[in-house]
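Common to both upcoming complexes is chain A, partnered first by chain B, then by chain C.
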Partner chain A sequence: MHYIKAASSITHQPSFQQKGFAADLSPLSVAGEVIAPNYKEYIEGALLRRMGKILRMSVAAAKDVILQADAGQPNSIVVGTGLGCLLETEKFLTNTLTLTGMLPPTAFIQSTHNTIAGQISLILENHGYNMTHTQNTLSFEHALIDARLLLDEGQELVLVGAADESIPFLEEVSRNLLTASLPVLTSGASFFMLDTRVAEATVAIIDVKVHFGAEDRGAIVFDFLKEHDLSYPAIDLLMTPLSMQQQGLDSFGKVFAGTRQHTYLDYSGLYPSASAFGFHMAIDMMQMDRRIGYTLIINNLSANSLGLILLKNCEA
Partner chain B sequence: MVPAAKISITGLGIVSAIGCGVEENRRALVEGQSGIGTTYSETLPEGLLVGAVKQSDQELLQRLRLPNGYYSRTSLLGMVAAREAWDGQSSHPSLRTGFIGATSVGGMDQTEQFYKQYLQGRKVDFKSLITHDSGYTMEVIAQDLGLTGYVNTISTACSSSANAIMLGARLLQQGRLDRVLVGGVDPLSMFTIQGFRSLMIYDEAWCKPFDDARVGLNLGEGAAFMVLENEKSIEITGRLPICRLTGWANAADAYHQTASSPDGKGATLAIGQALQKAGLFPEEVSYINVHGTGTKNNDLSESIAMQNIFGDKLPPFSSTKAYTGHTLAAAAAIEGVYSVLALRDGMLLPNLNFSTPLAETGLSPIVELQTGQDLTSVLSNSFGFGGNNSSLVFSSNGY
Partner chain C sequence: MDQIKQELKKQIIEQLNLEDVAVEDIADDTLLFASDGLALDSIDALELIVLLEKFYGIQVVNPEEGKTAFKSVDTMAAYIQQKTAQ
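So, the complex of A and B:
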């Protein structure tokens, strides 16, 4: 079994170092800015100045998780990101198209998706497995599956997280490409320490599943629960990105009619790996209310992808 | 403990500067024909040496018999290689099948054309941007083959496809999947060309991996995929194993965002752990297909790492980057295919453009093709930005 030893999120909500933050969240109506800590407390000045938003958020959240966990170096670092380091990518792309002669390399260096996991390894001086998954709205779930594989292979501590950043150009793209009315575009970074050892009162990850393809979602969810000898009423808390009505899944919503439900994008805003925020929100609620037994996070944000995470409150 | 599941490689597919398909690539390797030359495309700088795939996007579309639509070159190249490797296999109810691709820049070839027009204030088609994100470029390939379920994309710069292959192997070993199509793709783009130029590691002449006078790399493009199957899957599909994947490891160098450490720490860890996973002593490695980009920094750091592991008993080694150029996220899959061919056909591949060993280490790669060799295990190295170091071990079936 895999347990969540520590969690940290930097988002547009007061989520950073706020246990119980999920209890009184207000829906986000305007994007605004992320509620950032004083990054200088986490990142050395010269390095901080060179880092874009996504790197600052990710490194600070990762370091916070390491401090909270107080268990030393993780064996591995696994990160999911839907769109990667957009700010630096756009900056270097603009430079290649507008400048002549030798270009400054910093934006190129920081444009690759694995800059996040790489920077964390540099700062922690961590020589373990270092991985970056990028699968649209399922990037976090894929990172989580990889982290669980590592723990099943004998590792004890794995740092896993997800991050995405919004840039003004992305808003223009979304206005031109997306027709449905969706939540505001935002940024966010969430990191977690997974542990194979159980603490006194903790949340366990029971299973994580991803599915690409447009098959019957209801059947996949049903089978997923059945594999764990569970039926719909056994779920105490259900997290989804949008409401079932917003996604045209009314009939699907009915089977969970008696279950406490939250739609996490209302609070996080929209970014590809926002299910990591939903995951943190669920953990926080479960820690505050030990009566919540099972939690199911259904990530059906993209029409052809489905992510499922099953959590359970545990006592040692 | 359950004994580790055998992982067989049963299919290969490749497109690179030296050819379309496994056979064209094999022939060029044997004949010592490099695919690096001046650019084919009006969107890339004139006279620049690159390892381009010779077909245009339109020609690739026709070859694939696809209707016109929004496709990145990444997805097109990927489909060519993935179709060859997959070889028209059908889904099977009792086989859990997955797909793991790798790319560093996704559909950047389309994005940069869009963005150029956008900056010039010209009329732009935002729909072309749906091809940008890396996950989408791989979903297009999975859909083309009818693959659903576990579909994932890895992006760790120049080691990406080694990590995709490794993840596929781990999913098979843990019994999560029975067979998986794994590999990687990257297209040539101004973004990466100018990026490596800005780092001052782009050789404006032919790259010279492992040569003392090396000054940098030439970029290339391409795609390669391979089919990994467990024993249950082979019983059902009836496909013949070409060889096995026996070792893999990834380790962080944690030294610098782009440069490799002078002591080759991350590379040493990756090579050592991959051999350990394969259950091999260093002296049991028959051939090493090195990362060997031709940059001052990589080739020296990789040399030190190899000396750390192999001491003065270094197996024959060579870099094939002077054939294809550095194909970034596709490199490990392309070189994985070459490693499998070396093993299958008993050949040591030549390292083109080499004349003088590195002053610091004195190591000399294989420079002439050697055939009729009895190879049992081949090590393939791939190292990327962010200190991302990966090694794979391919072993012959009987080994």
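So, the complex of A and C:
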């Protein structure tokens, strides 16, 4: 089994260094700014000035996790991101269109998706495996699967997380292309230290699975639980991006009628890797209420894919 | 010359995103790459090369020239004046 040794999120909610934050959430009606720490406490000035929002959030959250875990260097760093460093990508593309001759290097360097994991490893001076997964709304789940495979191969500590950022152009595109009423577009970064050793009462990851082109989602969830000798009533907490009613999945919601249900997108806002916030929210709720045994996080944000994460409260 | 120096200081701050530095903080002879100056690094050097091309149409093709030109705002302004006069 794999255990959550530390967790940190920089989001639009008071999630940073706030144990029990899940009890103090307010639904977002406007995006506004993320609730950020003083980045200068986490990132040296010369590096900070070159970093866009997504890098600042990610590096600060990752460093906070390292400090909380107090276990030294992770063996690997794995990150999931749906859209990557959008702000720098936009700057770089604008430069290519508007400038003749040489292009400024910073926006190009900072625009690639792997800049997030790369910057974290450079700042930590970590020479281990470093990887970025980009799988739209299941980017975080893919990063989590990779991290678990590394732990299964003998590594002891893996830093895993996900981040995405919103830029005004994204809002313009969504206004023109999307007709459905969706939560506000936001930014967020969540990072976690996974450990193979259980040192205290903590949350364990039992399983993570992803499905594409999933049609009978009820059957997939049923089979997923069955693999672990569980049935619907065994789940104490169910986390979904939106309510079953909002997603037109009333009948599916009924099978979990006796289960405590929470949504996370109303609080995180919409970004491709928001399930990482849902993951942190679930962990926080489980740590605050040890009576929650099993938690199932269903990520059905995209109509064509399904992510499933099963968590369990554990004692040392 | 003084106008070029003032413009240069603004452009350096903006182009290099020197968040905590104001125009008044940069003296004409402040060393740009020294640790007791602005402490710029190699990526900043590339940004300065782009800055000269973008705002002044000057291409720094000889690295040795760049070493001298990028010492301070004074030397950058002199370099710009020399190149634009050619």
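Descriptive notes on the structure:
Heads up, the rule we're going with is that the second predicted complex is superposed on the first by the 315 of 316 C-alpha atoms of A that agree within 3 Å, B and C clash if a C-alpha of one lies under 4 Å from a C-alpha of the other, contacts with A are read in each partner's own complex, and residues count from 1 in each chain.
Just so it is clear, contacts are C-beta pairs under 8 Å (C-beta built on N, C-alpha and C of every residue); 3 or more make two chains touch, one makes a residue touch a chain.
If you're wondering where the values come from, they're calculated on a predicted model, not measured in any experiment.
More residues of chain A are in touch with B than with the other of chain B and chain C. After overlaying the two complexes on the shared chain, residue contacts for A:129 are found with chain B alone; chain C is out of touch.
When both complexes are overlaid on chain A, the residue A:29 reaches neither chain B nor chain C. In the overlay built on the shared chain, the residue A:17 is in contact with neither chain B nor chain C.
By the document's definition of touching, of the two partners only chain B reaches A:173; chain C does not. By the document's definition of touching, of the two partners only chain B reaches A:117; chain C does not.
After overlaying the two complexes on the shared chain, residue contacts for A:139 are found with chain B alone; chain C is out of touch. In the superposition on chain A, A:153 makes contact with chain B only, not with chain C. In the superposed model, A:102 lies in contact with both chain B and chain C. When the two structures are aligned on the shared chain, A:231 is found in touch with neither chain B nor chain C.
Shared contact residues of chain A with chain B and chain C: 102-105, 109. Taken in their complex, chain B has these residues touching chain A: 104, 111-112, 115-116, 119, 126-127, 129-130, 133-136, 138-139, 142, 148-157, 163, 167, 170-171, 174, 176, 190-191, 194-195, 197-200, 249-258, 265-266, 269, 384-388.
Those residues of chain A lying in contact with chain B across their complex are 77, 82-84, 92-98, 102-105, 108-115, 117-119, 121-122, 124-136, 138-139, 142, 146, 149, 152-153, 173, 176-177, 210-213, 215, 272, 304. Per the touch definition, chain C reaches chain A in the complex via residues 15-20, 39, 41, 43, 46-47, 49-50, 53-54, 59. Of all residues in chain A, only 45-46, 48-50, 99, 101-106, 109 touch chain C in the complex they form.
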